[in-house]
Structures are given as structure tokens and as C-alpha cells.
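In what follows, structures are represented as C-alpha cells.
First chain A sits with chain B, and in the next complex the same chain sits with chain C.
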Partner chain A sequence: MSENVLEIKNLVVHYETPDGVAEAVNDVSFTIKEGETLGLVGETGAGKTTIALTIMGLLPKPAGHVIQGEILLDGENIVETSRNRLKQRRNDRMMRKLRGSKIGMIFQDPMSALNPVMYVGDQIAEVIRLHNKVSKTEAAKRAMEMMELVGIPGMRYKDYPHQFSGGMKQRIVIAMALACNPRVLIADEPTTALDVTIQAQVLELMNGLKSKFKTATLMITHDLGIVAEICDKCAVMYAGQLVEYGTVEHIFNNPQHPYTLALFAALPSLDKDVDRLKSISGLMSDPMNLPEYCSFYERCDARCEGCMKLDPPITEIEPGHFVKCIHFMDKKQVAATGGGSEHGEVTV
Partner chain B sequence: MAKMYTPAMAKIEKKRARRKGKTKQSTPWREAWKRLKRNRLAIAGMVILILLILVAIFADFIAPYGIDDQMLKERNLPPSSKYIMGTDNYGRDIFSRVVYGTRISLPIGFICVIIAYAIGGTLGAIAAYYGGKVDNIIMRIMDIFQSIPPMLMAIAIAASLGNGVVNLVLAISISTMPARSRIVRAAILTVKRNDYIESARAIGASSTRLLVKYMLPNSIGPILTSVTFSVATAILTISSLSYIGLGITAPTPEWGSMLSAGKELMRQAPHVLIFPGLMIMITVLALNLFGDGLRDALDPRLK
Partner chain C sequence: MSEILKVTHLKKYFPVPAGTLHAVDDVSFSMQYGETLGVVGESGCGKSTLGKTILRLEAPTSGEIIFEGRDITNIDDKEFKALRPQMQMIFQDPLSSLNPRMSVSQQIAEPLRIYKVYKSKEEMEKRVLELMDIVGLARRYVDTYPHELDGGRRQRIGIARALALSPKLIVCDEPVSALDVLIQAQILNLLQDLQKEHKLSYMFITHDLSVVKHISNNICVMYLGQIIEQCETKELFKNTLHPYAKALLSAIPVPSLKHRRQKILLKGELASPINPKNACRFAPRCLYAREECFASAPELVDVGNNHKVACHFVKEINGL
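Presenting the complex of A and B:
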């Protein structure tokens, strides 16, 4: 296998607000290789978008801070944890060069992601001109090629975004993100705002382009169906932490964490006719006030007394498959971290 | 069943065929122009404005007399066929003076607004873009300026600098600048929250580019609208200052100073006062009508 293109190590991101500190991302690590797609799933507020913004270097200022951790792009660290102004500014300048050229991003709502007063073609050409020393005509030519590549006739170069449908706008956004052939593509719920048929088209397009450009993709979504369709790996997030992480086969064929199981249980089934879908009771813990112990405890079906005693570390249960739950920790580990020996057998 | 053709349908077909040859691409500006055209009052305002500008340009050809040609035997004459607006107490033709007056009020009004927006607008844009401390410092300074009523401030500045066109422009620009900076700041703040700003950041656009290429063009609607209203206010302020003798003084044919000169003879020769007053009113009305229409045409919520 090829090298890791994107590697995130022990990332911790906090939002510091006057009301308190929101722990948005807590010790998250994952890697994406060339041409690989990682699906990041989790409910609203789990910290998915915060991870995306951190990679882009676009955390909302002044609240957002990277407390610790590294993000390695082709082996080079691109986050600055120091609060030193000069270092921050140097990092900002470096990130501006990377954004658009090495890291591309697709936003959730294509309706509002394009500048309404610029030709769509010019918006693609702008990315090219920002990162390459090319003439205006050359950039326009390449922008037109990109448009053709995402399935929009080049003759619509001089159209405004309001003349395009949602799906077409999303194609333009994809063309913008890929115009400079980035190493990493971050797609933040790229199909949430589109209807189902267009969703399928856009996913197919992304899949095709991904294999063509060999881009490492981080796909953020709520939709397990999308993960199954186009991702190679999957990470399930809950309250700022990865609770389960592995290949798509691991997660879909052999889910282990109670939260992942509950997510699958909540999906409607094709073969069975049920009146009510299963839901996960309760709400996600407040990121301003996370418990000391497992953050899923309050809603967990498999909770036991030992769960209250520690926050379990993420454990590898089979090669490449990680689960963050006390039930999968070694007995020795539990004893070492002070957890109770009375935790029961896994019942799920 | 065969397709039926009614005369009305034929007419529509014909119209469509005629249009087909020259279908223009729809741009935001063309859309706005379409909406503006439907607003009759706004068009009336625009036509009056264009007429006034034409009068200012061709004043030499329109005015039958010079601005200070004194016909001392024919003082304070009421309107007649020879002097369509009558003459003043020096025997000067009021019509000619009113015509030349457009050359003073319109350009000075526009220049004042341009200067006020160039300085205040830039400051407001910077404050809105950077936010936080920068915003606080700039806007608190503007607050200090704004705590003095603009008219009083203009009077104070004009009185301390003395008469003259340059001083008048300075007085009006400085006194209106804080309000203009607020308008631009508000406009940029609304646009700043949009996703396309974030996505422009995501392609690596620099701050200046974001501000100039993304935020300003998208907030041009409210700014342009307030520019027209501001010109109206500036013209009124010029006239007011000239009326109290702090702006442009006689013999320059400024409408406000003409009013001032005519006020002593109000009972014997009201026309000396009425016509310049009427011109101020028409100009301000035209600008306000046009501004109103422009606001409706550019407001995306009405789309």
C-alpha cells in the first residue's frame, strides 16, 4: 500500500467561549492513504465538521483552538498548537497556499457556496489562477476542461450560479475543489442538500474523479448508505471521539461498539415491515460538560458499573478495527486504569 | 385534433420570434434593471435626474443670460416672457442663475458623498471584515464623531475653516462619514456570514481578494441605494449651509444662497425665493424617488 497522505494524530480541538470551553474534538487519530476514502459518520454536534475545518485551517476565530495533536499532510505537520501570534500568522500564510491547491473542500449546501455575482467558470478559473502562474486565457481554458470533466458543457462558462440547478452547482463546487488536483479532498456532507437521484449522480461523479485523480478523500456524512457505497474506511464519531474505526467491512459486517450497533438498528430494513424505527434514547452529552467516564454511558444499552469508573481508551480488537468501549479492553488494562473487575459480559 | 390558432396566439408567437434574435443573458444587473423599469416613480426620478445633469452640462447653451449680468433697470421683475423666472434685486435673470446652480449643487453633492464613502466606507469595511478589536476601535471613534449631530458638526467645521467650495466639501464629508461607515459595515457583515465567503477562503483567497472580489460586489445593492439618498442629503446640507452664509457665498449662484438673498424681499418679490427653492425640492425628490426604486430593485428579498 502507498504512503499515508493525511494522518491525524491525537487531535484535540476546543472552542473557548465566554460560557465555557466546548471540547469539540477529543483525541482523534486516523489516516487516509492515496486514493482512499474515509467516511466520518456521527450525529450533529459530534465534531465532524470541526475536524474538517481544522484540516483546512479555517477554525472559527477567536473561539477555536487546536490544543494538541498533529495533522500530517504528506508527512508534514500543518497545525500550529502554539498560541504565539507570529507562529499562528506564519501557519495561516502557509495554510492559505495549501487551501485549494493541496486540500480541496466541498461544502454542504451548493446553493450558497458559489459567489452569486461571478461567472461560474471564472470561479473555477480563480482557484487555478490563485495557485498557478498561468495567464487568464490559460486558466479559463483549464476551467472549461474541469467543467466538462464534471459533466457541465463548457459553453456555460459565462453563466451565473442562479442559472444552475442544485446538482449542477454541486458539480461546479466539485470542479473548484479538484481544479488544482489536490492531495486531500474534504467533502462535508456533499449530498445532504440534494435530492436522491441527484445524490446518486454526484456520488458516482465523485467516485469516478477520485479514482482518476487518486485523491485521498474525507467524506463527512450522516448517511451510512453513502459510506457503504463509496468509502474504504469508516470512522464513527460520538461526542468528539472516535468510538469505532475500521474498514467498511469491519464496521458493516462486524460492528462492535454499542453506538454503532444502535445506529444500524435505527436504519429501516428492506425485508421487515416495522411500524416504528428504533431510536437511541436521550441526547448527546453537552460538549461543555463531558463526563469523566465513557461519554456514551447515559444512552448505552450495554452499560455496566465499570463504565462509570473510567473513560476507556480505543482498543484494537482485530487488525485495523478499533473500538472504544470498556467491554473490549484487556482485563489487565482495566485493572491498570482502575476500572472495576465486575464489568459483565458483552450482551449485545 | 389540429392545433388551433387564435390571433392572440399569433401575436405572442410573433413577439417571441422577435425576442429570440436578441435574447440577452440574464445578469444580476439586468434583472435589477428589469425590476426598476416596472417602477414608474423611480423612472420619473431617474428622468428628472438625467435632465438635471444635462442642464448642468449644457448650462451655457440653456441660460439666456450670464450669472451676474445685472440689468439694474429691471430689478425684482415677476416672471415674464423675457425673464421666465423673473429677476432678483440686482436685476439678474433668475432662470439663468438657477440653471448655473445645477453646476454647483449636483457635482458638489456627488463629490461629498464619494469622499464620505471612500473614507467612511473603507473604514467600515475593514471594521466589518476583521471584527473584534479592530471593529471596536474604528467604530468607537465613529461613535465619537456621531455623537455630534451632523448638521452641527458641518456648521462647526465650515465656520472654523471659512467659506469656500473645498471647505464646504470637507465639512459635509467629515460630518457624514460616520453614518456611511456604518452602512458599509452593516452591508459587509450581512454578506460575511454567507457560505461562499467560507468557500472562497477554502480555495485560498487572501483577505484583500475576499473583501474586494467577494464581499463588496455582493453588498453593492444597499450601498448604492444609500448613495442616492446621501446625495440628496448632501445637496440639502449644501443649501442649508449656504443659506446661513457658511457655504458658498454670492455671487456664485448656489440655490441655498439664492434663497438667503431672496428672503428679505419675500413679500414684494416671492419668485426670487420660490424658484431656487423649487429646484432644491425637485432635485431632492428625484434622488429620493430613484433611490427608493433602486432599493426595491436591488433588494434580493423581493426577487
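Presenting the complex of A and C:
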């Protein structure tokens, strides 16, 4: 019934620095439908934020480049891979219109996302005025409605950001992001800076708004607990690639990739008593110097000789569940003969 | 086992323009040798100030700190310097607690140098390498600088520094909060191994209840400068009694689809710790608050099983 609002196809993003090329995102594909939330998890430096910045057209210039791939917003491509300056500038102009109207953003630190010398109400109204032809009073009225919607009394319209606590500030940022009823909402670690009880309030709010606004949400987080709580789909990232991707049921009830398994094993649990956490040694491969073969090889429990020979493609092991590991490549044929998948994201 | 640390009625107030900020307000607890005491609470509840006050990095306003049977609340700096090697601290952000212009070996050698532990340079260098082995830092990093290392390795330097003088008590202030889960697991395992080997006692300050459950023997839950629930770790997770601790526990996102908890959503946010009234500090957000809660402050009382709770209606709420 619902179509893909956001579709990312074979995205490759590099940062070109004087020291060399950092391959931040390597061939990533995923889709988000209307009203759906995708959780993107991974370690620091895995490339999560780079994907978010690419969707928003905010890659740091001049280092960041989209080398290849498409980002389709309601079927229309919004990235420019050409280095032609005219084309780049045209794309920048288009993105400026999309940001705030069709693409909403929530950042990790609400204080740095708000203007400290402007009334919070005016900041929300500014977004509305920028993207809609409405009068000042109309914009102010709608800003006040948005504030009420996220649980802040409208009478606080003329307060400054410093007069709010962290959780309240994040609510204002959410109100700003949703003010123009965007198609896509990108939330980059929205609750990391908040305390658990406040985090629970904000997550509850986001969950409630999701059904009201029907936005496609990309939720970037390092907390698998948050994914379990509010996401429909989950993508696990490692060294710029998706290593496992599927619905939350796939990832949480039937995780397959050795890295996903390691992530779950390393979490201290509230339900079970474990004497010693399982951890894997080593660090993530340097994006400046990625191996030709599987980038998880060095840290993998299940590595074999074959792993050194090729970089395995991401393979569908059951409908909608993708794993990027050599041990699952055989099963691809099984899945292929057992009826085609409705998704088309297999990137071989 | 006997007590390594005993704190009674400890208070730390800060004068601020608007009045007095009660960062730590009448906190009492004791720690045994080889124990890990977890201190949990949200930001602003005074858990870091408590850790710093115990190490006398902040002068206590009143109360008593007894370390190994000796009252250290008011001893002078000279005497305290002699005591310092026995109590050390590991900080949250290793990058800001390390000197960016010192190499790894200099960082780790610094406490040894200050206390003139070794006469010869060779001996000291040997000890530095030994410490690096203990914390699992490869010897090839001996001449690198903090900015060249990742978060996990930096935290290992911080741990090596804290261990250099063979302390008995280490206050760990959010040592794993800045780290990714896989690295966090490595550091937690390291801390546990070191505890067994060197018979350390930890005071483990964190906001992460799952970490504290994993590593602690006993837990104090703090709210606005006060301990509101204190008991053994197993007891707390099996039998949570204080309404705030219950809400805190229910609010943690669980990484599982099967064990979804019923959430208790609290209204509002932390009240101000400046000039608090003589009332239960949690009352404005509490689901069970009644008149009495706003009229007087509940005391921390033992409800059996060495389980202490500060709540007027603990028995009614939990049907005890």
C-alpha cells in the first residue's frame, strides 16, 4: 500500500583528504516506506552520520564526494555525482528548498541546533515562513500549535533556548523538524545527550508523532535498545557497509552476521546474569585503508580461508533479511528459488 | 571482609548566586574490601560530586569520610598526599583527563615520578612497560600521544595511571560512557580482571543501569543529592521498591523484542537542587505522591534484607 519514500541505491561516499581517500560509505542500499522507521546502528566511524549528511546534502565540502549511487526521495533523485560546478550548485539550491520542508532533521545536541538569541517560537515560525507563503501571524500560530503538539505550553513561545532543559530543547528541535510536515525525518542520535527517564519521554513522543505525520524516519543510534523500541527495520553498519539488514524481528530474533552477534554478546544484559562479557579484540578497519576482502575478517569468530579471497556481496537469506557474509552466499540460491523477493535491494 | 570506606552524613554544598546548591545532601554508605559499589542516577543528581568529595578533590561541607578506619575528612594536604596513592580515580573522557603534550610513557610515569617511587630511570621505565602489559596496551604505543590513539586505548592509559601507585580504592567516574559497546565490553572485562588480581575496591559511578548491574555487588540509586535506594545488586533488580528506581529501571530501552517492559513514564524533569525544601525531592514527579510527601523528607530506612529505601509509603506501594 505504501511506497518507498526514501530509497538509497548503491551509495558510495568518499572523503578526499591530503592524506588519502577515506572510503566512508561503500555501496549502501536501503529503503524506507511511509510511516516506517529504520534504525541505523554501528560503531563510531562506521559511516552512519555520513549517510545522514549525504541525504541532507550537507557533506562537508570540499572533502566529501558522492562517487556513485542514487538517493530517491519519492522517486526523484536528489544527489549529484557529477563534479561539474554548475550542476553542483543547482543541486545545492534544490537541497536548500528540500531541507526543512521535505526532509526534517533532529541532531544529537539540541543546544547547538538552536539559536541562543532567538525566541524558540520564532525559530519554529522561521522554518514555516521559509517554506510556505504564510503571514507572520499565521506562522506564529502554527508554531504555537507545533509546540503544544510536542508537549510544550504555547505560552513559552517567547522564551529563549537556555530557559529550557535538555529534554524540552530536544522537543523544540523535533517541533522544528516536523513543522513543515516532512516526508523524511533524519534523527541523528536524538536522545544520546538525554537522561534515561527523559529519553523515554522523548522516544514516546517520537513514536506518537510517527503515526500522526507518517514520516519515513531514519534513526541513527548506537543503542540497540532504542532500535528494539521504536524501529520497524534495522541496518547494521560496519566500515562503511551494511553487514546485516532486515526487519527488527530478523535482526533481534534471528541475527546472523558475526558482527551483529558480537554486538549483542557485548551488551551487559538486564535480564540475564553474565560473569564476563564477550568482546572481540581489535578495531574497525581504517576507512583510509580498507582490505580487498571482507572488512570484518580480522575480528571475526567465524572466519575461514575463503573470507580472504573476496569481499562478499550482501545476500538475501530470507525474504527481507540481508546478510553480508561469505557463509551465507550459498543460501542465496535457496532463497532465489524459493520465490523472488518483493524488495529489490540485493546488490551483487 | 571489613570496611575500606565508610561515609556518614556527607554533605557538599556549593554557594551559587541563587542560594545554596545541595549537590550531595546527607549521604551515608560503607564499602567492603574488594567490593564494587555502583552509584547510579541521572545527570545532576550529585554522583560525580560524591566521588570527588570522597577523594577530597572537593572539600566536604560536613559529614565524615573514614578510609581504612581513619577519619580523613579534615586532614591537611600534606597528610593527604601521603594517602593519595591508595585512592585513585578513572575519569569519563580520557582525552580531557590526559595531557595532550605527554607521550603514553610520560603519562603513566607521572604518578611514579611525583611520588618518587623509583630511584633509577630504568626501573621506572620497566614499571611503565609492566603497567602497559597489565592494562593490555601494546608496547609499541609507548611513545605515542593521546590524540593518536582511539578512545578504548586512551581509557587504558587512564587505567594504567590509576593503577601505577597500587591503590586500594578506585573511583571510576563513567569510565565506559564515551566508548562503543565492543570497546566498552573490553574495558569492563579489564576492570573486572584487575579487581580480582589486585584486590581493588571500585566505586563505579554511571548512569547506565545495565553496566552497573553487570559490574557491581551493591548499588546506590541517587536522586537530587540523596540516596533513595540502596541494596545488593540482585535484590535491586529483583525487588525494586522506590518509585523513582522503578521508573528508572523501566525506562531503559531493552535490546530485545521479547522482553518488552511496561514503561513507567515520569512527568516533568529533575527539580532544582538549589535551596530544596524539606520534603521528598522526588514527590513532584512521583505517581504516588500525597500531602505527607510534600511536608517532610523521608529517611533512608532498612525494610529488611539490608534493603534501604527513602520513601514514606514504600510499604503501601509495594504491599509489604
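Details
One rule holds for everything that comes next: the second predicted complex is superposed on the first by the 326 of 348 C-alpha atoms of A that agree within 3 Å, B and C clash if a C-alpha of one lies under 4 Å from a C-alpha of the other, contacts with A are read in each partner's own complex, and residues count from 1 in each chain.
Following the convention adopted for this analysis, contacts are C-beta pairs under 8 Å (C-beta built on N, C-alpha and C of every residue); 3 or more make two chains touch, one makes a residue touch a chain.
Since the structure is predicted, the reported quantities are computational estimates derived from the model, not experimental observations.
Chain B and chain C, once both complexes are superposed via chain A, fit side by side.
By the document's definition of touching, of the two partners only chain C reaches A:Ile198; chain B does not. In the superposition on chain A, A:Val117 makes contact with chain B only, while chain C stays out of contact range.
Residue contacts after overlaying the shared chain place A:Met329 against neither chain B nor chain C. In the superposed model, more residues of chain A are touched by C than by the other of chain B and chain C. By the document's definition of touching, of the two partners only chain C reaches A:Ser269; chain B does not. When the two complexes are overlaid on their common chain A, residue A:Met176 makes contact with chain B while staying clear of chain C. Shortest separation of chain B and chain C in the overlay equals 12 Å (C-alpha atoms, whole Å).
Shared contact residues of chain A, touching chain B in one structure and chain C in the other, are absent. Residues of chain C that touch chain A in their complex: 42-43, 150-152, 180-186, 188-189, 192, 207, 209-211, 213-215, 237, 247-260, 263, 265-266, 269-270.
Interface residues of chain A, counted against chain C in their complex, comprise 43-44, 165, 167-168, 195-201, 203-204, 222-229, 248-249, 252-253, 262-271, 274, 276-281, 283.
Considering their complex, residues 56, 58, 62, 96-101, 104-105, 107, 109, 112-118, 126-127, 130-131, 158-160, 162-163, 173, 176-177 of chain A touch chain B.
Chain contact summary for the complex, chain B toward chain A: residues 25-28, 132, 194-196, 198-206, 213-214, 217-218.
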